[in-house]
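Two complexes follow with chain A in common, the first pairing it with chain B and the second with chain C.
After this line comes the complex of A and B, so read on.
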């Protein structure tokens, strides 16, 4: 076959698949979001943004992302650096660390529920140690801080590995000679990390952060399992519009708002971590 | 003042003995070349001096100070790497100034030194560029400038020219030699290229299988190789060897000819450089197999007593394949080696 045409033929199935199952539903959702039955309107958006729970759920989502993502980034960098220094057993450690990735987010939420709930492991431990005389209901409206902490912990536990694998691959791409040069020219281990590893890792950091931040705005099952309605987030509100209130126009508007936020943050991350022309490895 | 002393250094990687019994003194401001084929241990020795590798045994002294327990930055060295290791995320300016920034020198001092060394290496026009926008030769210059900007006591170079094309390599060779001579630093230069070694070095250390076989001036290494390995490694084409049997009274039989040699009773190897042979009336009978006119001279490959033998002759001579030449070795250029020890015999 003609070498000029062949590449396009080869990507055709994927393109068709994405158009059918991604682009088409997206257009439908967009149409739903911008209409209430009689033509173009912003009513759906006015309705969801005006609802009293919207600022809370937006704030919760942003707070959760702000608490979880930096911790995950730091942890993933630390773990990736450690893994990269290992001579033996590197793969085994990586596999163990990535186990949480194989668990669905709802299952992860339930695991942490088993720890924090009234008859959970934490309560058994605390009463066994004599710290509390009867089980405490940590995940109740009286302890909003604990609810937030439990959700954040579950999210960190569940999704740090996705950043880890990207960063491990990225660090592996940095030639050893740069570190040796930096060492000879007087850079301490910390300086080598901040002056060599971090800047040369920018492309991987971009990918890892974009992926993780988008996932953070889509957080849902873990929150539902641990916080229920105590901790509304954007995604749980979308779910409520669609399945509790049966208002698909409002749900579609919420979905588009989440998408807009995700795109916004993606652009910020790409811009902040951009690599100047000619400055790639 | 930075004299370098390497005392009894050995290096093992698991069961592999990379270096053994390395003893070497490099004078202050000397240009020392470590020469050898790949795998001979020359880069390992350089890395031990740099502090990027730890010796299994032995000591390294720089400027009268024992340094083998010190990190690279405290050894007063700078290094030029084989693949340059010019940081891709920094501009040329920041690359050259990297070590100075690590020393927390004030901005104007960094600027002064970067601009001075960039001028020295003729890259002052490139200070704002990234390494991705530079050619191989330009990156090489940045790597050298970065080392010079440190104003180090010792500059270590690991095959710095091996990634350049032939013409550029020749140009950089002369330039590097000039710049280093002016900088008054002691230099250790690793290469497998004997032309580079001969043309740049004050002294050459020829390494083979983890040992230093000979450390001497280029002309000494060339004229008086200490071992058969050196004789066969240095020189293009290398030395010719023929078996020699003692004929008594310091006379030796070489390919049917009687020649003067050392007084010994065990067989030796006779050796002569191809350019130290002249066509004459008496001498070694050589059957011409290949004639290569190289312009300045004629490279003739022949067979002497069944052994491969090369001669570099005047280009005016008419020599054809199948001819038999009579080649007389210049007596003062003949060398003898003991086949048992492979060492030179006086």
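After this line comes the complex of A and C, so read on.
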């Protein structure tokens, strides 16, 4: 086969597959969301946005993302710079730090449930130290703050690794000569970090943030495992529409709302961290 | 004068900085490992201990919880479904994705940028939401509630990674090797199977494992698309409010174990994969 046709033959399966299972479903979900049986309508959107739980779940999702993503970014940057200058044990430390990468959000929720539930390890520790007499039921409606904290911790624990991997790979691409030159001119470690690492890491930061923020709007199983119905988020509401209320039109409308928020934030991140043309390493 | 004092102070501050650094590394390792250890304690304790208070901080190595898990109605078939779906996802995403990765690394063709954009676009969307419209489509085609139907959705999740990872792997193999094989009488196909494939196989395995983990861990689409043939994640999610604690913890443990092994197996490729996939 000649080299003009071959690449198209090779990319045909993926293109066909993505058209059928990625682009076409988007058309379907839009059709579902904008119709209730007879023609174009915004009824589904009016219905889901007007529901009393919608503002709470939107607020919860955004608050959680706002609390979790900056901490993860700082933590991942710290870990990546620490690993970068490590001489011994680098592989072991990196393996340990990337373990959560392979752990599902459901499993992460269950792991943190073991800590926060009423007969869990946090209560065992607190009573061992004599702080509490009886085990406290942390994950209940009396302690909304603790529920939020538990979910945020589980998310930080689970999903920092994905940013770490991207940032470590990105730092590895920065030429060592830049740091040596900076050191010769007497730049402090902090200066080197802010003047060399951060600017040159911009493409990786972009990818890491986009990926992470989208995942943050998809938060679902962690919340269900730890908070149940105490902490409604957009994704759990979508699931409830589809399954408990059997209203696929409303579920589709929720899906489009999540999608719109994700795309909006993706564009903001891409714009804020855009790499000037021609300024590559 | 000032230079003298800094010279004296420098070794001390440097040593102190070194201790802080080591302490931070150890602390961050503990932050990852301790919650996993707590899950291990709960899994290896009898159901009575799991529900009692206060908790021991050392596992008692009782297989009661795991035995209860294995005997719980529907769990074993859910486990089987999870493995089947993940296996199918692994095979499909590599078979469909790898040729495109090869095309991206070896050829310049019209529409290459548009194709790359399509691949990158999939990563900027909350893909599990696709399960909602697909649920309707699958009922029409008879794919609803089947292992194959779910693995199609999981393949959509895994394929962008498969394409980008194989693209970076193929880019790491010099074209000259292939050209040399052609001059020695290989066709494009035999040059690929005899020269490129053996070199690339470990990397392909790593990205296949990655696809397996993506499918194994996925919750939302699995819960939406299966009813009778639930996967393990969907089964656990469905029974979150009703199942006893020891079942949850044993289930969580079974979810975590393959992930631990797989991340260990692909650890060498993890960073190479992401480094180039960023571009």
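Keep this in mind: the second predicted complex is superposed on the first by the 280 of 281 C-alpha atoms of A that agree within 3 Å, B and C clash if a C-alpha of one lies under 4 Å from a C-alpha of the other, contacts with A are read in each partner's own complex, and residues count from 1 in each chain.
Here, contacts are C-beta pairs under 8 Å (C-beta built on N, C-alpha and C of every residue); 3 or more make two chains touch, one makes a residue touch a chain.
Everything numeric here is computed off the predicted structure, so don't read it as measured data.
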Using the superposition on chain A, decide if chain B and chain C clash or fit. fit
Tell me which partner A:182 touches in the superposition: chain B (first), chain C (second), both or neither. first
Just chain B (first), just chain C (second), both, or neither: which does A:264 touch? neither
Contacts for A:144 in the overlay, against chain B (first) and chain C (second): which applies, first, second, both or neither? neither
Chain B versus chain C as contact partner of A:55, first or second or both or neither: neither
Chain B or chain C: which reaches more residues on chain A? C
For A:218, using the defined touch cut-off, is the partner it touches chain B, chain C, both, or neither? Pick first, second, both or neither. second
Output check: A:105 vs chain B and chain C. Expected answer is one of first, second, both, neither. What do you get? second
May I ask you to decide whether A:70 touches chain B, chain C, both, or neither, giving the answer as first, second, both or neither? neither
For chain A as apex, the angle formed with chain B and chain C - C-alpha centres, to the nearest 10 degrees: 80
If you stack the two complexes on chain A, which partner ends up touching A:8: first (chain B), second (chain C), both, or neither? second
Please give the least Cα distance, whole angstrom, that chain B and chain C reach in the superposed model. 7
Within the complex, which stretch of chain A touches chain C? 1, 3-4, 6-8, 10-11, 13-15, 17-18, 21-22, 25-26, 28-29, 32, 78-79, 82, 86, 91, 93-107, 110-115, 117-121, 123-124, 127-128, 135, 157, 165-166, 168-170, 172-173, 203-204, 207, 210-211, 214, 217-218, 220-221, 224-225, 228, 235, 238-239, 242-243, 248, 251-252, 255, 258-259, 262-263, 266
Under the stated contact criterion, what part of chain A meets chain B in this complex? 175, 177-178, 180-187, 191, 196, 199-200, 202, 275-281
The answer for chain B against chain A in the complex is residues 50-52, 71-73, 77-79, 81-83, 85, 87-90, 98-99, 102-103, 129-133, 146, 150
Residue ranges of chain C touching chain A (in the complex, touch as defined): 21, 24-25, 28-29, 31-33, 35-36, 38-39, 42, 50-55, 57, 95-97, 99-100, 102-104, 106-107, 109, 112, 115, 118-119, 122-130, 132-137, 152-153, 155-156, 159, 163, 188, 213, 216-220, 223-224, 233, 236-237, 240-241, 245, 248-249, 251-252, 255-256, 259-260, 262-264, 267, 270-272, 274-275, 278-279
